[in-house]
Amino acid sequence: MDSALIPKGVERCPLGRFLAFIAIVGAVLLWGVVAMFLIYIKGLNQTNMNNAYGFALWIWADLAVIALGGGAFFTGLLRYIFGKAELKNIINYAVLIGFVCYSSALLILAIDVGQPLRAWFIFWHANVHSMLTEVAFCLTCYFGVLTIEYIPLILENRQIERISFFRHLAHNMHGIMAVFAATGAFLSFFHQGSLGGVSGVLYGRPFGFRSGIGIWPWTFFLYTWSAAACGPCFTILVTRITEMATRKKLVKDEVIDLLAKIAGWMLVTYIAAKIVDTVYWAAVTAPAMGFTLMDFYTNNPGSAYGLWILIAEVGLCGVLPALMLIAPSVRRNARLLFLAVLLAVLGACLNRWVMILQMQAVPVLPFERWFTYFPSWQEIATTILPVAYGIILIAFSYRYLPIFPQEAELNPLPEGGR
Amino acid sequence: MDQPKNKRYGMVIDLDKCTGCGACMVACMAENNIPFRDDDTDKLLSVSWMHVYRLSNGKPFPQAEECFLPRPCQHCEGEHGHSPCVSVCPATATDYDMHTGIVSQIYTRCFGCRYCMAACPYHVRQFNWWDPVWPEGMERALNPDVSVRMRGVVEKCSFCYSRYQTALNRAYVEGRRELAEEEYQTACAQACPAGAIVFGDLNNPRHRVHRIVQPDLAHGGRPRNPKAFRLLERLGTHPKVYYLTGRDWVRRAGDNEVQKS
Amino acid sequence: MEEPKSSAPSSRSEPGQGGQGDGAGGAIILFFILGLAASLLVGWVAFPALLYSEKRQPVDFNHALHNEIVDHGCASCHFFRADGGFSGAPKLAQCIECHREANSDDPEEIRFVEEYVKPGREVPWLVYARQPDCVFFSHAAHVRLGGIDCAVCHGPMGESTSLRPYQENRITGYSRDIWGWNIAGIKRNSWDRMKMDDCAECHAQARVPGGSVQTQKDGCFVCHK
Amino acid sequence: MKIDRRSFLAFVLGGAAGTALSPLPWKLTDDISIWTQNWPWTPVPPKGETTYVDSTCTLCPGGCGIRVRRVEDRVVKIEGRNDHPVNRGGICPLGAAGAQLLYSPWRVRQPLKKMDGRFVPVSWEQAIGEIAGVLRELREAGTPEAVAWIADTDRGTTAELCRRFLTVYGSPNFIRTPCAQDAWETALYLTQGQRATAGFDLERATFLLSLGSGLLEGWGTPPFVFRARGALKDNNGRFVQAEARLSKTAAKADQWLPILPGSEGTLAFGLIHVLLKEGRERKPFVAAHTAGLEELKRQALQEAFSPEAVAQATGLEAKAVVELARAFAAAERPLAVCGRGAGRVPGGLQETLAVHFLNALVGSVNVEGGVIAVPEPEYIRWPEPEMDAVASKGMQTPRVDGAGSERYPHARYLLNRLPEALLQGDRPAVRVLFVSGGNPFYSLAGGERTEKALARIPLIVSFSPFLDETAAAAHYILPAPTHLERWEDVPGAAGYPKPVVGLARPVVPPRFATMPTADVVLRLARRLGGPIRAAFPWESHEACLRQTLGPAWETLRRKGFAVEEGFKPQPFETASRKFEFANADLKRLAAFRPLPAPGDPGAFKLTLVPFDTLRLTAALGAPPFLVKALESEILLKNDIRVEIHPQTARDLGLADGADARITTPQGSARVKVYLTEGIRPGLVGMARGLGRGAHDRYLAGKGVSANRLLALVEDPSSGLEAGWGIRARLERA
């Protein structure tokens, strides 16, 4: 049926099975859309947020997907600026994943505000002092960049490519992609950092606050660094999951290995900086505000934010995957590599969770208690919505666009095939 | 245009006098059109600009002691007006006014991102999770000097700014530019039957707040009165709400302290 | 299944495309212009007409006529109250001071007396300059303190012999005078528009010292409540 | 020309470009955001001229001066009057929420008559006519005493008109709702011979000993008491609270004595014991102005009141009792007060006498900083009404509540005894009951038995402006205007040590077809005719007020209040012209005996003690702002939380917030528990004022009413209601 749209030299599953898959994921998407409309119509009372938990699951999801979408800018940086040519075999997918992540982030942000119809005030009446302003501007700009990076991919569809204008457009866009990669890296540096600043500048919140270098708190750099480290891990993770789902090898091992190695060293440096930051925070910043480290982690029945979470974030999901990824033997073992990137991805998610959710759980006024929060189904549904949307977009892109340049080579068609 | 001298409006609440009766809360609700709901018992979902905390010394019966701590917006000055909430608002919906020292909140500008709520360590900022609804007829008691807030925006105590505006209006009509101390008082200070809340200009040595607190204005307004303290002094938020107490444990409950052992 | 080779039609179409180009180019331009013209027409003519509903004032008041008779100009009827507020549109009680009975055979005045004075019904004036509820506008500060003339914001209202129609924005419910009668928002006189930017513009010109930490301009609470 | 895809695309592109170049998208975006800033369903209060009207608050017996802010004809805010001697600018939460009562959608809008269990609107003519008809029948049957009237005050023109009506009609059964003043007034009469209310010069006392009084929980006139406590603080005075619970009052006291509940009287006698034993009474005063000290000594120096025995009874240490007595005696101006909680339950007469004796021993009676006998206002001087035979005969019958009887000769009103009286006989003693204030159907303890008793009355007429529990149970509701819509003279402010009269005025015109209760009385009198009509020569309540007040009317109207600033208490009016610790009347009283909580301690291991909070009221319910301000330690969702000590909770296996069932001999209810170190182990603290069967949706159906779980306890010395708690059981639910 749709074979005219499928890239040359590769095989795709029957349309029926594809549509069945889309229908299943689409049902999940629909569930999210229902929740979204419920929230738009009835308001944010549909969530379990409250006045102590003004930021919750959604902001975490935003921060997490943006961190994981960091694979796009960092791979682009490596490919176009640092000239790691091998990465051209994964850059398409990195861009696609980035696009999914960033569009999801914008979608969630649009749900998360109390007055979506005047959310544009953030641009029109921007407050230059606010990290969120910086995030909004850079995020929107970078989403534009990602769109520009994604367009040539769409144009490479077999049918679209037949139109000379689009073919030339795609070709020309490829030619100047380095400019966009550089712009993307620049923008990402700022908004990833600004997201770190979101909690880092809150001097009323000793758990989140990190003293600053110039105008930026340390979390500014830590977030950028961790996005650069964990973003590629997420790219690898999704690539591997895609390979499992399609039961095909899509990217050559040496490409993955190179990306994993770079990510590993990024993670090593990041986690070293993170440890320094944590120690300084625990020993200097927080005590100056009247808090000991254990004030943040104990006596919180119902919240369960024990010291385990710090150990999990820094040790299990930080140091461990970092060490794993820099070890060539681990990288060569598909299972261990998968585990390592998975841990690194979890580490980034955990870090974002802690910096937003735990920050608000910790009582600052001595006579207040720990605050607890569990998301409502509407929040969960709208957070899963982008996941479903991402899967669908990836599925369509994979099916109809030449995302993986090495796919045809790695999966030669049997004689008589296309 | 010449401008009157800058004010630094602030408040002193005598915790030894406060009885926790709640008149301040109710007076505030009536003055500022605070909405109410069928079930307002979850205080984290309820809007109340003034909240009276119940503090306990944590000792067993019969050594147990309690204290009530009314908490309006602290109107933090931070460093040069950069209070924790003001600088984070992406849409300039909240601002610090150097002329009055009041942290404003413009509901029609706010689009409900709630970053300011995450930034405020005092939990003075509250979100309108629901549309405000008044039972039929009761909307007649709404005060036209204060805008009614719509669902989806953050609100907080304004030191009854509308009372400042109307007092100034009266003064202008009478040909004056300056207000006497008693002309501008917040609803809570006016209502307090125990006389526990004193409000005025911290910059003005004749005002009672200044005389009680003796603020060290060169150092963020730190109180020189040894009985006075501010909530979370160590954070450097420099609030303009001061508390008085003679009880040591109450004073200690106002800030976090790393125990030196 | 379709033909596996699909490059042939694509290469065939290319010269054809070029061939069609010239003829189609004109059509394309024409359609572009058509679309442009239609949307401009919609945006500049139809949209404003749809956006505003027109209402007539309940009584056609003659400002010029009254202005000749009264002693204190605008302030004769629009005055400061003891509470510091501004009276705005007069209450019926004020009108009755002179209009207990019709003073002339002007049919509008007779109708006014019949419909409002006799039954004691307040006149539901439509206030051109009514600001949104979030706005705190102090007449005292502007008139008493700033010495600003009424006309600076309200225009030569006092010279009008008839009340112009009131247009209400169907979406916002506010008077068209706030956005201004020019749909593009172009203003020639200080009273042509009454949006926040216009307030801010005048405040900047008058060098009202700003107390805002965020904007270095006026504090928000100066004009909001 | 072919219209193909590309032409269409061009058209769309041109359209997009044109749209972008037109004001449409930009103006629309702006207007939509303006729409969100002014959603049509979010109300915008109309602007207008602000004016202030001074009046007097009549929501409680306090009589604070209020300043009502109006915008045009709307009441938007109620503030305290700065120049009012009682509250000096302060206001209590209820007073501040007063506008919500005015604008409550649950007000009764016109006279209602209950038909087949449902209220139907009737005209004033019809309602008054029908009630007059029943009254006429009763009179014709020669049983005018079967009419009773419950009011929340017996002072002021409205109350006096009601009482006068009953008198000329022929019924002695005018009953004031109970309060601590009942005991104090009797104590003043018995010891000082003065018919007066007790005022407390709290502002000038230097040592304040409160025996269970909720000074900060509604006792007396709250703003006055609050300010006085602040003054005590400023003067370095001392404030000691003896109470089983760490109430707000106890929390703000300089010293909290967590005595066993119900042991207040014993403690007072214990202190007297120490004072007398150690000779610490103020001898000059005692010698010059008192009589009967020997008798008091005989009474107080019993072994039962020795520090050790008192320690046993109160749960304090003997040393603490002795020290307290010494400190009290040593203070410059010591003052002891009693009347538990907000003072809505009178408590035992002997207990109040003990406290009053304590004051007398240290000379704190009718002096600065002491208990002051404030004479009842005398501006109401109407001629004695002409009574016909029926009325005279009716007035000779004993009161239905037993007040003034052989057994309780000094009691004036004993509403608590009414339920039992109603349950006697085949026909209830009361055939018609008028209720103007006090909401007895809610505020009387006794649970179902009380309800059953009151339900026996065939005709109940409520004057409540709101649909409260009493109104809901009534057969007619003749709604009075609210406190902001009517004239009312307000004599005295509860506990204020000077005579003061305030005037409440209509701040806004009545919203509904209501009628002041006094006007209903006048109309009823006119209907009944004859001597009844003749006793009421006034056109309306307002006219009556004008004539009654005479020249004072103009002053009151202008100023809003009149206070006797230079007031000096009158000399004692006993036979001896002295303060009498003993006399014949006192001797006839049943001896002091601490009253136990009803119930079998074996079956009910715990004791339920009710407490008051300013954020709830007994009679009025609570306007939405008060319910909103209610602590989550008291109300959580729809569940009331009861206070228990963690030790008690452990014994019962209850965690904080757990669901539990409380059972008393009177009834049972579901509650949630709140664990606090601020209550004595073995006690269960429960706020009064919830569990409403009527009122608005912000209050109705939330929690349970303590009164339904409590029993009526009769003080043997006076007949007054003296219940302070009841035995109870708490189980996990």
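In this document, chain identifiers A, B, C and D correspond to the written order of the chains, with residue numbering beginning at 1 in each.
By definition in this document, a contact is a pair of C-beta atoms (placed from the backbone, for glycine too) under 8 Å apart; a residue touches a chain by one contact, two chains touch by 3 or more.
Model, not experiment: these values are computed from the prediction.
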item	value
Chain whose average C-alpha position is farthest from chain A's own	D
Winner on C-beta contact pairs when A-B is weighed against A-D	A-B
Centroid distance [mean C-alpha coordinates] between chain B and chain A, Å	40
Euclidean distance of C-alpha centroids - chain A vs chain D, Å	63
Whole-Å gap separating chain A and chain C, where each centre is the average of the chain's CA atoms	46
Distance from the mean Cα position of chain D to that of chain C, given in whole angstrom	55
Per-residue multi-chain contacts in chain C, two or more chains	83, 85, 132-134, 214
Shared-contact residues (touching 2 or more other chains) in chain B	42, 46, 56, 82, 87, 89, 92-93, 107-109, 131, 148, 150-151, 166
Contacts with 2+ other chains: residues of chain D	32, 35-38, 44, 47, 50
Residues of chain C defined as touching chain B within the complex	80, 82-85, 132-134, 136, 138, 140-141, 144-146, 206-209, 211-215, 219-222, 224-225
Chain D residues touching chain C - in the complex, by the definition given at the top	1-4, 6-8, 10-19, 21-24, 27-28, 31-32, 34-35, 37-38, 40, 44, 47, 49-51
Contact footprint of chain B on chain D as seen in their complex	36-39, 41-48, 50, 71, 74-80, 87, 89-93, 96-97, 99-100, 102-105, 216, 222-223, 226-227, 229-230, 233, 246, 248-249, 251-252, 256, 258, 511, 614-615, 624-633, 635-638, 645, 676-681, 696-698
Of chain C, residues touching chain D in the complex	24, 27-40, 42-44, 47-48, 51, 81, 83, 85, 87, 132-134, 169, 171-174, 179, 183-185
Of chain B, residues touching chain A in the complex	42, 44-46, 53, 55-56, 69, 78, 82, 84-85, 87-93, 109-123, 125-131, 150-154, 231-232, 234-237, 252-259
